[in-house]
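In what follows, chain A forms one complex with chain B and a second complex with chain C.
Take a look at the complex of A and B:
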């Protein structure tokens, strides 16, 4: 039941989902400290879309901003989910990689610089196939290098969610922040239905999709570090918190044995439901880390 | 994708550039920049073919009220005439803040 206080909170919140990539990126910085790098007026657009009859966007759907978060140097890279499904092409991939590499160079030169990646993406841009795949590989390599020095924080708020190759980038992040509207997974429901049939996964069943890929489930399974409302100050607070905290003791993706043993112990002879999985795997990696 | 260009007479200097919108389904982005001379130039790339007359009607109406000397670039993914006009007016508003 929604109480009157909840209603007021709901009505007064500043939606993050309603912001475009530029608005989302800008909202995370300490006031007046951010500036955009390689913005739309620099006109670094994809050279591949127009020749395939697709209208390009001047920033290629990737917004890069540099500034301070919680008083510390940070770079934010935001993918625009509304442009070509937030897909990674040659230009957007290079922008993200370069931003992460520069943050790494600054960190190595005594100015630790965190990165926040706002992922609303279905993965590789099909029109730029191989270059998109290469971009995802480069982004992953850059995250692995940067996260030795400073945290990489992934925020997926929705409504696109984070799928395909970029879900691997999310998985390599130091911390993952999700909302209930976010979905996170390797193969998206539509792809699984297309490849394995509707008996395997009915992608039009939203309750099922969110029970598996949804932010609340991912958080409850220990695969994300914060579950927040669709509220800009709350999301910015979560990001500030993780930047102030610094690097995790162990990265989630380094806990190979933990996850291998969990999968090994899973009885696949019967159908598991999402709640059982929460109970079985619910301990978050950071809690496991404290033991 | 179709490319369309227009020129309009203009007389007022503009000091600030503006960028609004996203090239999403039924949406468009507008880049408005101050330029030199006595004419404004509009460069449109649209995913929808065959609507040159409609674009002309929308921009004729826009430039019947707007006299800034600017270069406008529109990247369009199927915006309706109404949303095109709103984005143009939003770009003007941002450039004059």
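Take a look at the complex of A and C:
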């Protein structure tokens, strides 16, 4: 049910989904504080695409911006879902890794610098295969190093969602911000259907994808820290809030005992209704904070 | 083209530790044990197939939910045990078919399970544990990201049965709209596409390629030689930074990862401008 007030909010919102990676990144900074690093005019393209008859892009689908968010130093790295599905190649991967490492170096030198990663990606770029996979591993390593000093905030708004190896990068983040249009998971539906058949996952069933991988479900299961509307000010607010909050008491990916016991308690003889897991897991974050 | 057999992990785990058991309370698909290695007491970890595993999509050597959280548990246990002691080496013996592709896995957030295992390995590395991945068979995609790719040093056998890749060949061909033959042909000139471990070595990510006549049946002499390589890699890891910079500072990386090096240099330069 949409109340009249909600309707006004809905009509007045400024869509984040309609922005490209550059627009999304810029929208998160305190006004007038951001500048792009290694932008399209630097023309650092993927060296692997043209030789495979794929047109490269002059920013390799990855936008790096540095500036201030909530008055604090921050870097935003945004993947462009419209270029090769936001896939991670050598150049886009190294942009992200190097940006995280520079934020880490500044943090270690007394200038705490948070990172916001905008992940719209299907994972590794298959035209760069092993260099893409290596890039994902290096991004993950750099997130782990930075998050000792300053938070790493993952925003997945849609419409590509965050899949493949980069879902592990999301999993390592200090905070995850999702919209209802976002999807987050390791394996996309097509891959699961291909590997294990249509009985395992019917990839034409879009409702099933959102019921399992959708932002609302992930948030309700305690696997994301904020569920926001597709509204740029709301998303920027959520990011500012987490930057102001600083590091979490414990990172989700370090809560091994909690999640291992939850997996151990599952009845694996059947598929589950996603709602069951909301009920079983849903209160996680707050419970863990009380410990 | 190498077919995944899933036997090599057990073979090498047994060769290093003298047994092939999981730790108490762990699933049969994760072998973990401490065993002497040089002057150290190292922790060895390996994923193996278990036809009776609880999760149906993780019975053939895939890394699933239980495998990932068990790895995370055993690596974190080693970190905790060595909090005030010499940091034991952690050896990931890698022969993984892939991550588990299932609906149960997605519903119960395998992305977080995989992240938790990588978190544990990375945290161990940052805490000063030498983390060494020894690729004895397959190391595919999310399976390798979960188990092995956070290591300070990666060693692999220069053998047809060894394969490190982002996706198995048939699926990669289908998604990039090529035939398997076309993909093989491209791999000959484009190193990151190749399924040949010798081409992978050109990317600069490997610490060393090792030779064993038949990795499924190593001789006692070969086991000893591989142990010595592990010991040397541990010493090397202990003497260098705990990050992964070695992967882009190797002689091979200077040739193959020129774009990475350029991006980093430009970003560093522009980062400091105000």
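The rule we apply is simple: the second predicted complex is superposed on the first by the 287 of 291 C-alpha atoms of A that agree within 3 Å, B and C clash if a C-alpha of one lies under 4 Å from a C-alpha of the other, contacts with A are read in each partner's own complex, and residues count from 1 in each chain.
Throughout what follows, contacts are C-beta pairs under 8 Å (C-beta built on N, C-alpha and C of every residue); 3 or more make two chains touch, one makes a residue touch a chain.
Nothing here was measured: the structure is a model prediction, and the numbers come from that model.
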| item | value |
| --- | --- |
| Superposition on chain A - do chain B and chain C clash or fit | fit |
| Of chain B and chain C, the chain that contacts the larger number of chain A residues | C |
| First, second, both or neither for A:181, with chain B first and chain C second | neither |
| Which superposed partner A:230 touches (first chain B, second chain C, both, neither) | neither |
| Which superposed partner A:80 touches (first chain B, second chain C, both, neither) | first |
| Chain B versus chain C as contact partner of A:200, first or second or both or neither | second |
| Partner chain(s) touched by A:40 [first = chain B, second = chain C, both, neither] | first |
| From chain A, separation angle of chain B and chain C (C-alpha centres, steps of 10 degrees) | 110 |
| Smallest separation in angstrom, by C-alpha atoms, between chain B and chain C in the superposition | 15 |
| Chain C contact footprint on chain A (complex, rising order) | 37-38, 42, 44, 46-48, 51-52, 64, 66, 90-91, 93-95, 97-99, 101-102, 124, 126-134, 136-138, 140-141, 144-145, 148, 164-165, 167-172, 184-187, 191-192, 194-196, 200-201, 212-213, 218, 221, 223, 251-257, 259-260, 262-264, 266, 268, 271-272, 274, 277 |
| Interfacial residue positions of chain C with respect to chain A in the complex | 54-57, 65-66, 69-70, 72-73, 76, 99, 101-116, 118-120, 122-123, 125-126, 141-142, 144-146, 149-150, 164-167, 171-172, 174-176, 186, 189-194, 200, 203, 205, 243-244, 247, 256-260, 262-264, 266-268, 270-271 |
| Interfacial residue positions of chain B with respect to chain A in the complex | 1, 17, 19, 22-25, 27, 29, 31, 33, 45-47, 73, 75-77 |
| Residues of chain A defined as touching chain B within the complex | 20-21, 39-41, 50, 53-58, 61, 80, 82-83 |
